[in-house]
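Each of the next two complexes has chain A plus one other chain: chain B in the first, chain C in the second.
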Partner chain A sequence: MRDFWKTVFGYVLTFFLIITLNFALPRMMPGNPFVHLSGEDEEVFETASSEQVAYYNAYYGLDQPILTQYGDYLKGLLKGDLGFSYYYKTAVLDIVLRRILWTFLLAFSALILSFILGIILGSYSAWHRDSWQDRALYMLMTITSEIPPFLVGIVLLIVFAANLKLFPLSGSMKHFTTYTSMGEKVINILHHAILPVITLTFVRVGGVYLLVRNSLIGVLKQDYIRTAKAKGLREKRIQYVHALKNALLPLFTRLAMQLGTMMGGTILVENVFAYPGVGLLMRSAVNVRDYPLIQGVFLVLALTVMTANFAADHFYRKLDPRVRE
Partner chain B sequence: MLLILLFMAVFAPAITIFPYNRSSGPALSPPAAPHVLGTNDLGVDLWSMICHGARVSLTIGLGTALLAGLGGSAIGIISGYKGGFFDEVVMRIIDMTVALPNLPVMIVLAAFFGPSLLNIILVLVLFSWAAPARMVRAATLSLKQQPYIQAAAHYGAGTFYLLRKHFLPELFPLIAVSMIRLTGRAIVAEASLAFLGLGDPTTGSWGLIINHATSFSGIYFTPFWKWWLLYPWLFLTMLVTSLAFLTREFEDALGEKRI
Partner chain C sequence: MTKLILQIEGLQVNYRTDAHWVKGIHQIDLIQRQGQNIGIIGESGSGKTTLAMALMGLIESPHQVKGKILYKGTDLLKLSKNELKALRWKEIAMVFQNALDVLNPVMTIGEQITERLVELMGYSKEEASAEQEKLLEMVALEPHWKEAYPHQLSGGMRQRVLIAMAISCKPKLIIFDEPTSSLDVILRKNTIELIKELQATLGFSMMVISHDLSVMTELSEDLLVMYAGSIVETGKTDEVIHEANHPYTRGLISSSVQVFPYKDLWGIAGEAANAMDEGCTFAPRCTQKRESCFIFKPELKSVNPFRKVACHRGGIVHLLEAHNISKTYTIGKKKIEAVQGASFYVRHGETVALVGQSGSGKSTLAHMVSGFIPIDQGGVTFEKLPIEDGQVAQREGGIQLVLQDPFSSISRRLSVADVIEEPLNINGIGSIQERRDRTKEALNAVQLPVHDAFLKRLCSTLSGGQRQRIAIARALVMAPKLLIADEITSMMDVSTQANIMRLLKGLQNTKGFAMLYITHNIHLARKISERIIVLENGVIVESGATSHIMDNTDCCVTQELLETGLKLA
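Coming up: the complex of A and B.
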């Protein structure tokens, strides 16, 4: 239990660090807001008078001491106020929430697919250790786990979307069409999601594979496996009930930790396929230097990943009695 | 493979005829006599761009690996050797950097601090020192328990003598491997940032070439991708995979030595 509070404390601390970073970054930038408000040289040049400067300072609360500003910032966050996008002229939270579902769709489908594939391939490799299939798989997975996702995405895009025309090039669904039924719409959405999900799965499956293979090889060396064999249990029963269960449990948290990497991958892949999730949003925000939006996306992503990690951590303690104290 | 790429990077000016940052021929010409790998939309020679891009990628990779590898190892050794409060703080910080989703943080930092080569290296270092630090710390802790080291300490060996004579030789292969791995990671991370438009626009790294090529509208329907996109893609993939294999090789060698 003491351990539990320690992890909670760690996560809370990390999250505060992120928030503080978010708060501090714009204030550490050189210059001040009035440089931006006063416009280019060719335009009608408005110089902010000292009264105006004082007015805006008071309006945005910039005349307050830094700690009060920080407190106000935290209060705003609690109310879900992530700031106001310069470019889209709406609240950041609205934009992010509208886009994040697409990101989740990609990330979770790919997460589940890569788990299933990785576990199947990994256990196959471990059971047939040192056969040529195992060696070939190991080689292949070593390569795929290191290649950055956008490189894979570009290849799939060129081959399957541009040349074979099997899949759409970009977007998450067809616009400006009316669907006759709900099912047609769902199929259209899935059709758009296939290539990005395949890309992500392809990149992530190697990591899962290596973890599963190593863990399972370790378990297969254990005494209770030999006992089970000596009892004359069927091969399949040993493989699934005895070995796989014990090999996968300790991997649970490490696999959940992959979510962070997965989010990074999703950001890249969305940009390859012009998929309208938060990754694409983040890039366009970077291009127009829409700082509140960049920060908003970042904060939401960080919060999601950390919550998921924490949940996995907590869940694992319940799942595996060996680590419970 | 790696040696070829390294050679390309070091002798980039000698093996390229055309400038890498100025137009030197017709735009978008396919690979042919003077322009071995073709040209991009501004008529810049791709072979030159790739050779100079190799310099950028390797500088970033090696720079990050050196800084993060040495810094991380130093922190790991101190933390493992001394233990106590310092160790506790370091472990907390390591946990934090591991829990953070790396790419989004890097995007935010790169967006705010501006994309210069040095800034990118610093941002990468900030997120890659934790892995070697954790590893070296664990190794130091287990070394500290070794009888011969305890004996040496009992005979009155000083801290620095112990570190130099006993810890460093044992830890060195570990640090070297983690630095090779970091090189690969850093190159990938830089390429990712550049692909998102956060690279240093003056350097022309491989990720940046790919970024320009994919931003060219309709590239997938034209034959241009066959050289403009394919060759930087090919070189980046080769570099990353050969680094991955090198890491794997060294890890295997290390593993066998342990057993």
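Coming up: the complex of A and C.
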């Protein structure tokens, strides 16, 4: 029980640090939210006069002392109010919630795919250690895990979307069409998601592969594997029940840690594919210095990663009987 | 004749390490009949577990297994992977050495006990669960333990789980690897009893691997002694333990507190070697080796119908053999039969205690066998040659005698160096420089100073303990194969006695000479000797392994000596 409260305290402290940073970081950026009043990215902006800037500053309370602003921000958060977007003129929570589902779609699909692939390939490598297949896989995976996601995204975009025209160039679904059925809509959404998901999977799978391979190689040397072999158990049972169950334990901690980088990767990839998730949203929010929106996006991302961490920790306890008590 | 269950022919195991091969098993031949229990004993690294692994087919490439392992006539080494798999656990199972990692940490005990059975029989969850409870009950564990994970069990419980797992498919042969090594004495006893009970109900044959002799006496009828990947001795377990025939076996037994609860323990000198291609592997540590031992590999040969030993010298050499010897003194008209029809032997490297009261004929016997007094009847051979008039004491590698009273056995007028060099001088052995070197070496061995001042000291200036050490050193310069010690400590205070005894045993352990230790103190005999001969009125009334005699004497003199010897008042 003491440990439980310790954990809770840890999470609360982390959360508090995050929202503080959240508040401070946008304000440390050069520029002002009210300099650009309208216009899309990289377009010619309508520039506001200094009187207008002063007016908006007063209107949104940015002329208040920084601590007062901070206090107001915390008070709002306690009420579940993430603020009001300067740019979109809507509640930040609504915008972020609408967009985050797209990000989740990409991130979780890629996470699951990369884990499945990584586990299969890693197991294969570990069981056939030092064979040419293992060596080849090992080299390939080491290389792919080092390629930045946006580079992979751009290549895929150019080859499969622009040249071969197999996939759409941007967006998450085709707008302004009426779908005859739900299935058609789902297929359309998947069609849009394929390239971004492949990109993310491609860059993630190497890490998972290496971890599974190493972890499994260690497990295969253990006495209980020898026991399982001596018992004459089926190969599949030894591989997937005896060995993998042990080898996957460290992977769950990794899963949680991966989620942070996965979110980072997704943000970049969304920008490459102009995919309307929070990544794209964050970029535009930063461009126009929309403080509440930046704060909101950051907060939701941080919460996601923290929740995943917590879940992985919890899940690990369930899986490993040794840490259960 | 019962059917053979296991027949191993010319088994070799080579381990591949980086660039070269390391021999795990040099050459093993073995036969096990159905229902027979074989024990395999040896130090760690002797290849016991390797043998078990080879039997279970667990030695995989790049390592190498050669030869034949016939299980009920089928060569396991020729079977395909799947054929071997089918045999595993169903025919041959193994109780692995107890360690936390032997069981999968993330699976329940129950699942691990029956998983092979479930695969074989296609049991449902309920059937498997019932089977788990049944198996746990067979090893005296409560059924709820099936839900436990390995880390929740104590070492003793884990041992039971390992046994339950091994018997799950009712195998015909079970290999037990160190079944008791991690358990305390009470658990050890319980586990041994459990294994015996299970064998009585299930009727499997056993191969027990251990370095623990007490397990062997309980669980095996036949014993194989392994050293550096070869079998050096085989025989009936009780007989091998009572009288080992290979120097290595003897060393192993001498190191065992179960066999010698009272004797000082002496490990085998030197480090355990790896299997070698040429020569006897034990030769570097052996005290009765010859040059040829380093060249040829000894084969396992029968020395009697139940015993085989792999030794170029046919096992431990009988150094001294006395056949039916007698001695009669005539005092006036009265004939005193000091020794009558005594037959005994002293083997290489062992300590035999000759125990008896004063006047029982001990010293007479000792002087006869060393050739100092003529024998009336019978004969004595030393290294198979008859001894003649003390000649055997005049050469190196012969017999040396150390007497009770150092004050009269060493001339008070001679210097230390003169006394010790005397036998070399008289027998003309070595140059002057060599003699001096050997003297110093002997003094070193008996832990006396070697500087010139000490060498020149007159013996009259030395204490009794020092003089007795000098007497021992004088015997040692002749590098004897047999040292006869006639009550050498009886005149000394207890502390000096203890020091001299430890010194002698230590010297024996490294130099490997045999010792015939004559004493009236049976408790001292128990502390230092492997075998004991009890003499009464010139007749040998009892002889045998010290521990055996101490526990099972049926002779009144021995009993009397034992009882009176320890009384303090």
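Odds and ends about this structure:
Everything that follows uses one rule, which is that the second predicted complex is superposed on the first by the 269 of 325 C-alpha atoms of A that agree within 3 Å, B and C clash if a C-alpha of one lies under 4 Å from a C-alpha of the other, contacts with A are read in each partner's own complex, and residues count from 1 in each chain.
Basically, a contact is a pair of C-beta atoms (placed from the backbone, for glycine too) under 8 Å apart; a residue touches a chain by one contact, two chains touch by 3 or more.
Remember, it's a predicted structure, so these values are computed and weren't measured experimentally.
Partners chain B and chain C, once the complexes are superposed on chain A, both fit on it without clashing. Of the two partner chains placed by the overlay, neither chain B nor chain C lies in contact with A:121.
Of the two partner chains placed by superposition, only chain B is touched by A:309; chain C is not. In the superposition on chain A, contact is made by A:245 with chain C only, not with chain B.
In the superposition on chain A, contact is made by A:223 with chain C only, not with chain B.
Contacts of A:92 after superposition: neither chain B nor chain C is touched.
With both structures placed on the common chain, the touch criterion links A:298 to chain B but leaves chain C unconnected.
Comparing chain B with chain C, the partner in contact with more residues of chain A is B.
Nearest C-alpha atoms belonging to chain B and chain C sit 13 Å apart in the superposition, given in whole angstrom. The residues of chain A shared by its contacts with chain B and with chain C come to none at all. Considering their complex, residues 222-224, 226-234, 237, 241-242, 245-246, 249, 319-322 of chain A touch chain C. Contact residues of chain B toward chain A in the complex are 92, 95-96, 98-105, 107-108, 111-112, 184, 188, 191-192, 195-198, 210, 214, 220-221, 225, 229, 233, 236-237, 240-241, 243-245, 248. Across the complex, chain A meets chain B through its residues 10-11, 13-14, 17-18, 21-22, 25-26, 28-29, 142-143, 145-148, 150-151, 154-155, 157-158, 161-162, 169, 257, 260-261, 263-265, 267-268, 271-272, 282-283, 286-287, 289, 291, 294-295, 297-298, 301-302, 305-306, 309.
In the complex of the two chains, the chain C residues touching chain A come out as 56, 58, 84-90, 93-94, 96, 99, 101-107, 115-116, 119, 149, 151-152, 165.
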